[in-house]
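Naming follows writing order (A, B and C), and every chain is counted from residue 1.
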Amino acid sequence: MSGDGTTAKVYALHAAVIALLVALNFILPEYHHGVLARVLVLAVFAMGYNLLFGYVGLLSLGHAMFFAAGLYGAGLPLYHLGWGVPAAFAGGLGAGFVVALVIGLLALRTSGVAFMIVTMMFAQVFYLTTLYFGEWTRGDEGLVLQQQTRQVALGSGTLDLTNPATRYLLAVALFAAALFATLAIVRSRHGRVLVAIRENEERTKMLGYDTFANKLAAVVTSGVICAAAGAAYALLFGYVGSTFASVQYSILPLLWVLLGGAATTLGPLLGTLFMYYVIDITSGYTSAYMLVVGLVLILLVLYFRKGVLGTMRERWVRWLP
Amino acid sequence: MTALLTTKGLSRHFGGLRAVDDVDFSLETGEIRAVIGPNGAGKTTFVSLVCGRYAPSSGRITFDGEDITDMPAHLRVRRGIAYTFQITSVFANLSAYDNVALPVQRTLTDGRSRGAVRQGAMQALERVGLAGRAHEPAGALAYGHQRLLEVAMGLALKPRLLILDEPTQGLSDGEIENFIALVREIASDATVLLIEHNMQVVMELARRITVFNAGKILAEGSPAEIRANTAVQEAYLGTAQEAGT
Amino acid sequence: MAFFPHLLLATLEGLVTSAVLALTALGLSLVFGVMRIVNVAHGEFFMLGAVLAWAITSAISGNPALGFALALVLSPLIVGAIAWIAERLVLRRIEYNPEATIVATIGLLYIIQQLALTFYGPEARPVTPPFNYRIQLPWFGYSGYKLSIIAASALLLLATWFVLTRTRIGLIMRATQYDRETALAFGIPVGRVYGAVFALGAMLAAIAAVLIVPIQQAHYLMGLDPLLLSFIVVIIGGLGSLRGTVIAALLIGVSDGIISVFFSPTLAKIIATLVVAMVLVFRPQGLFGTATK
């Protein structure tokens, strides 16, 4: 509900989160600083996924293709054609837009389980395509983007994306942009329609809404956000490989979002962060990270369907967006 | 008076079942029309064809002089056809306010401000007496209030034709009284097509009554004419007594 | 080799693929048909069947046929038991909600894969065929074992068909599939039927894996391809249709065999997956199926 009091609270909370992330830049030890930069970029991926899964209720098993579209859309032109960083980033967004539009037009003809399988299959086609054109992508082995190509001329100086602090702050900036974009969308009229579609599509149609067009818009927005994460990943961490297009990277955002809380704006960050550290810590004792992922997925579905923030919203903090 | 809605030879078959069979129907602007008939007579299928939830097997539908047979449902709603569901289908997890804000914001093509939505939504809730419960989740409202919310959602679309599918089902006598008054008020600026089993409501509200049986129109006329019609008595009133409604 | 023998060889290889695929896909189709859920871990039951077959045959010394026969019986039973436990512990508790089931079976997929990796290891290991007999054709010799796979699969499919259409168990399953509520009202123990069907589906995948493992080594990641191919077969054949499943398995298996001879396997997979995704988008009831109830 958009009483003025809660609006202020909501924005204050989100601004505080961003401020905290910026402050951490100066406090965190080197290792965790690097981890958090990576987590922030992956959290953007999770936020893109959440927009579609959490708010519209469309469970895709193929979002790796949007992330990978951004990754390759940015990485390939930079590596092969010598594009600059800003142009490459735009290329990643463009690739994500086109892929999401085409996939949306096709996959949205189906719903429910068929939608999951269709998106999974399209993502598999995308993955196999990156392997098939191994001459340019070098498949699983991937491409490493050299340090000198990841510089942006900025006035008199240069912005070096390989510098840890720069990389971290750019990751925070991307995260903030995606967070406030999500917030704006879910609090808008379009967002209200998306939630209505999730709750009851037939009824929404009978209120005069073109539900297909609204869902398509959501797929495209979600795809572009995920592509932005992919493009940023390529540019900030300098690696572009087929692994990011594999089915595993379609499952992970689902896991992160379920854990943090679907249809909450901050849930994706929480889920990504938590899962990253769980795997990081357990891998100190065992290499069985797939066991951890599998168990967490099953336990979430069995006992904790709403995730951390979803449960908090239900029990204590009703105004949480 | 001009016809707001007409159907010509409208049919819908499900497999071998002719749920709606070659129906010619006409509704004048400003009318309150009741559609009655035994269960399974094709009433709900008929209005579903009109509002576009189903595609007809054959026949044409004209609304306000425009052929809308092949028009998708959401565009028909924008032309002014609103449908309230037989089975209450408010958005249970959203607040009553959000439920009516959805249709309100649809009708606002020019006003972009939050204020306009808020004002429209509260007006719609006030009209059915639910303004005090705006922030409760719709699923937590009493059944009668959910039915009213459903009507408020239809009203908020500012329809020219409001189709009410068994709106009084499950309401108490007192609630039905209020409901009759509400429909009269709605009819001052919209045409109402009402599917109803409660004969008291039908007789009080309808100027004309259309009786469906086995997918066809069995009879049509004023309440008095329908009451006197023996075919109707056999087909409908007989069944109604058995069903105890 | 001339063109015709080449084509014949490709067709034979395709038939072997089809035979195994039909069994695996039938398991998936059965589970979907009766329980209305998609089991993403189906490929892992296949993998588990193969890995267990390796474990059993390598534990038994002496005649390879003895170990293989034992594997053919034990491996599906163990896999069936694991599936049954998973069904009781997880799927029943989430009340077979379609989307939650997919997430839960993805979890199951990861757990089974990890357990196989930990206890079996990352290597691909061969299983000795129960017999080595080559049938000499005019152009080339062909493995008698491979032909026996086709025969065994045909036999098992016939047996499944018989059980489904001619026995009381089949009737109970079809009743449950047709209308869960009515089945409950008629005193059919729907919960037990679901557990049994889920186990049976996994067992079919395991049998298929035991049959194929002498010619296609056991590996902990071998489950993904059969899963995707089974999806493809089930979608093209029409969900829950035994006849459609068999026809689609033949179509996919043989065309996969022939396409891989003439194109790169990756391109073949891309084309096949894309075609099937398009079928699902534009003809969701499958090419042979009637609309599902």
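Keep in mind that, in the parts below, a contact is a pair of C-beta atoms (placed from the backbone, for glycine too) under 8 Å apart; a residue touches a chain by one contact, two chains touch by 3 or more.
Since this is a predicted model, take the numbers as computed values, not measurements.
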{"item": "Chain occupying the middle, per Cα centroid", "value": "A"}
{"item": "Interface with more contacting C-beta pairs, comparing A-B to A-C", "value": "A-C"}
{"item": "Between chain C and chain B, distance of the C-alpha-averaged centres to the nearest whole Å", "value": "51"}
{"item": "Separation of chain A from chain B, taking each centre as the mean of its C-alpha atoms, in whole Å", "value": "43"}
{"item": "Interchain centroid distance [CA atoms averaged], chain A/chain C, Å", "value": "34"}
{"item": "Partner chain C, residues of chain A touching it in the complex", "value": "59, 61, 106-107, 109-110, 112-114, 116-118, 121-122, 124-125, 128-129, 131-132, 247, 251, 254, 258, 288-291, 293-298, 300-302, 305"}
{"item": "Chain C residues within the chain A interface of the complex", "value": "38, 90, 93-94, 98-100, 102-104, 106-115, 117-118, 224, 228, 231, 235, 264, 266-267, 269-270, 273-274, 276-278, 280-282, 284"}
{"item": "Contact set on chain A toward chain B in their complex", "value": "1-2, 189, 192-193, 195-196, 199-200, 202-211"}
{"item": "Chain B to chain A touching residues, read off their complex", "value": "51, 53, 72-75, 77-78, 82-83, 85, 89-95, 97-98, 101-103, 105-107, 114, 117, 135, 153, 157"}
